[in-house]
Amino acid sequence: MLFKVEMTVNIPLDMPVETAAEIKAKEKAYSQQLQQEGKWRHIWRIAGLYSNVSIFDVKDAEELHNLLMALPLYPYMDINVDALCRHPSSIRNDDK
Amino acid sequence: MLFKVEMTVNIPLDMPVETAAEIKAKEKAYSQQLQQEGKWRHIWRIAGLYSNVSIFDVKDAEELHNLLMALPLYPYMDINVDALCRHPSSIRNDDK
Amino acid sequence: MLFKVEMTVNIPLDMPVETAAEIKAKEKAYSQQLQQEGKWRHIWRIAGLYSNVSIFDVKDAEELHNLLMALPLYPYMDINVDALCRHPSSIRNDDK
Amino acid sequence: MLFKVEMTVNIPLDMPVETAAEIKAKEKAYSQQLQQEGKWRHIWRIAGLYSNVSIFDVKDAEELHNLLMALPLYPYMDINVDALCRHPSSIRNDDK
Amino acid sequence: MLFKVEMTVNIPLDMPVETAAEIKAKEKAYSQQLQQEGKWRHIWRIAGLYSNVSIFDVKDAEELHNLLMALPLYPYMDINVDALCRHPSSIRNDDK
Amino acid sequence: MLFKVEMTVNIPLDMPVETAAEIKAKEKAYSQQLQQEGKWRHIWRIAGLYSNVSIFDVKDAEELHNLLMALPLYPYMDINVDALCRHPSSIRNDDK
Amino acid sequence: MLFKVEMTVNIPLDMPVETAAEIKAKEKAYSQQLQQEGKWRHIWRIAGLYSNVSIFDVKDAEELHNLLMALPLYPYMDINVDALCRHPSSIRNDDK
Amino acid sequence: MLFKVEMTVNIPLDMPVETAAEIKAKEKAYSQQLQQEGKWRHIWRIAGLYSNVSIFDVKDAEELHNLLMALPLYPYMDINVDALCRHPSSIRNDDK
Amino acid sequence: MLFKVEMTVNIPLDMPVETAAEIKAKEKAYSQQLQQEGKWRHIWRIAGLYSNVSIFDVKDAEELHNLLMALPLYPYMDINVDALCRHPSSIRNDDK
Amino acid sequence: MLFKVEMTVNIPLDMPVETAAEIKAKEKAYSQQLQQEGKWRHIWRIAGLYSNVSIFDVKDAEELHNLLMALPLYPYMDINVDALCRHPSSIRNDDK
């Protein structure tokens, strides 16, 4: 099942630079692992913002929730979730 | 260049069913042509709504504008546009 | 999978009373059929409003979308969808 | 009487992990006690968010207020309350 | 049980003056009957607007819903409902 | 003259419990004094929230402003004010 | 007592030009009469909009309400009302 | 040229009382000086709020900006600006 | 003086195509005349929308208001106005 | 490609004056360098606010994103981005 997730990151202004760098490195590794497993299908940056648009391909809402809760940056994020389904006009078979 | 476009369709309640069906058929054909040309990369339905989330891959904002203005359902749509760029964590080379 | 769906009905002021009554009767029959099939788990009225809060239990977002699109009152509704998952504090096994 | 309550938890970023864990444990115990007493009928997690959708079955608004005010996480919550009543299309007798 | 209800009336611009006058007369009679029965405790006009703030004293949300649905102006109203309970600082015994 | 005032209290999370208790005690005494003087006509709790709906009966906006500014909890409140006038359908002579 | 009133006029697109001109002429005459009586103290146009910012000086909310309800353009207006009082920094004695 | 400016002051809760008093005294002196120069034409308190509605009479937007930026309370203010022009119904010649 | 004006055009769905084309032609001629006079400095299309961002260079708010009110599409527009002033970091002398 | 970017700066109230002055000086130098390179075409102050309206002329969304992320004040800014394209009524050839 596909979900669109939009994430906006708000790092506290007083977080030490090294701490922020460490969390971001973990976030990147975690994101890339999920991408390689095919669960985090797409991730794009919204131009000018510390925000991304992502497409997740998961078994159900439970799996999505667990994946998001494990994001190292989760405590600093505003999250918006929309459940998606295949569009009748889509010509891509794997775009569900 | 990639853009995320969200479209919500509001067909007037008094539009004859045949007229609506005709416009929707034109919309579908037009969408599929743009998908085949690679300009309309993705289109997903938002569950429960007459709305879609789409990713366009175009030369610039001018091309995006012209493609959207030519949508047969454009006069009945609310449109939201965000410019995207490659995310530093993305592992898909073609996801710009 | 569970979804919370909130529906607000806006019957056009100029719809003939009989037409409205007929659509509402179809809506009620359709809703009760889905409830009997176990797909529409709960439906409550929000006090004072022509709105309901509903819980759907469906295979995936695709099935939810098709069920909602078939609602006789769908063209007159504002719809809001949230994907749900089992809450770690829940003591009801069937509340997923 | 039934109420739908939506709760979003905002734990302060600087709360010590043990303190947060302790409050959450108390919250869980309190929630499960109210569920066993039949006053907190349903609780679902909203996918991707630290939010829940709950249905309370209480004598009146006074009892609801007292139950919510006693939530260990109450000081960190945004709360939204809607009074519900039986929906004329409902087929479940106990769904009031 | 007490509820605060705010109602804003939007009479369609093309409704004949006599029709509007007739509905408003019925509304007034109905409101005064409910006030005499003690169910519609207070009604105030919001200065400058075609809106009122009302306090209802009813058995439960079901009764509130039925009273509001029977308002002759209901189809033209935006409605906002809040469940109230006695305030710990109140000195009026009958203000629940 | 009547005003509806809605107050939402946001006690800072790091305020010592005793300080908060002291301010709330002063607030309660002040509120009850104004109620006894007939200036604070009604106060109700909004169910589930640390908010109240109040009706003030004062000489003019100046007096209302001074009464509110003197609230011990004022620095922690979000305030919303609406001027009221007698509703033509009201049957209570003293409800102005 | 002073009130700030902001009015935005939405003339229906299909109102005949002469009808609109007639209503606007009545509105202007009525506004100027109230200005001469000292009840409508100030009226300014918001640049670029069919909106005004006005200051009324009336006995109470009741009088304000009656004055506004009698505006020939009232049925086409969105209205926003704020009760004002003398500012402690004001040096103009008549600005209450 | 006239501008309507609405200012809402949010003094930080932890600012020492003397500091706040000092800034407010400077603000008052500065405001009264501008009023005497005819640049700050009107200032009214919005009843119940720590907010004001002001009318400025300045040469242009540049002068307005500089006057506002010099407000001692500016760092604690939310500001809203609307450019005004003479209303065709105004009978006061000096109300531009 | 400079103003940023954002205009969104909402042509009624039932306006005859020729009427719309005629109004748009007048709008274009009028806009180009104001551009040639230097009063309408910039106009850009917002990608994907029937909206523009414009910069006007006028004597004062009065002139801006009169220019906008004379737009042939004005009755179908939502308008948003911000007064601008020279930015201290700007290196363009004519960008005021 | 052109983008309109609106930036609102929120300097934390407890930032030392010298630190703020240093960051603003870097911001100004950086902005002026980008203006000289032709990438930051316009920058205007919104009257009364610590906000600007800017027009960027960049190769694509990627370049815009990198330019904005390098703003010394970026961590303290709220940012809003709109992709622009040439308006069919524009008479300025270089306004794309």
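For reference, chains read A, B, C, D, E, F, G, H, I and J in written order, and residue numbers begin at 1 within each chain.
Everything below uses one rule, namely that a residue touches a chain if its C-beta (ideal position, glycine included) is under 8 Å from a C-beta of that chain, and two chains touch if they have at least 3 such contacts.
Computed from a prediction, not measured in an experiment: that's the story for all the values here.
When the partners of chain D are compared with those of chain I, no chain appears in both lists. Over half of the residue numbers at the chain B-chain J interface are used by both copies of the sequence.
For the pair chain F and chain G, the distance between C-alpha centroids works out to 29 Å. With each centre defined as the average position of its C-alpha atoms, the distance from chain B to chain H rounds to 46 Å. One finds 44 Å separating the Cα centroids of chain D and chain J. Shared contact sites, meaning residues of chain D that touch two or more other chains, fall at 2-3, 45-48, 61-62, 64-65, 81-86. Taken as a graph of touching chains, this assembly has some other topology, since it is neither a line, a ring, a star nor fully connected. Pairwise, the chains that touch each other are A-B, A-C, A-D, A-J, B-C, B-I, B-J, C-D, C-E, D-E, D-F, E-F, E-G, F-G, F-H, G-H, G-I, H-I, H-J, I-J. Residue ranges on chain A touching chain B, taken from their complex, read 2, 4, 27-28, 31-32, 35-36, 42-48, 52-53, 55, 82-92, 95-96. Contacts from chain I toward chain B in the complex involve residues 11, 13, 45-49. Remark: chain G residues 1-3, 60-62, 64-65, 81-86 touch chain F in the complex. For chain D in complex with chain F, the residues that touch the partner chain are 3, 5, 12, 61-62, 64-65, 68, 75-76, 79, 81.
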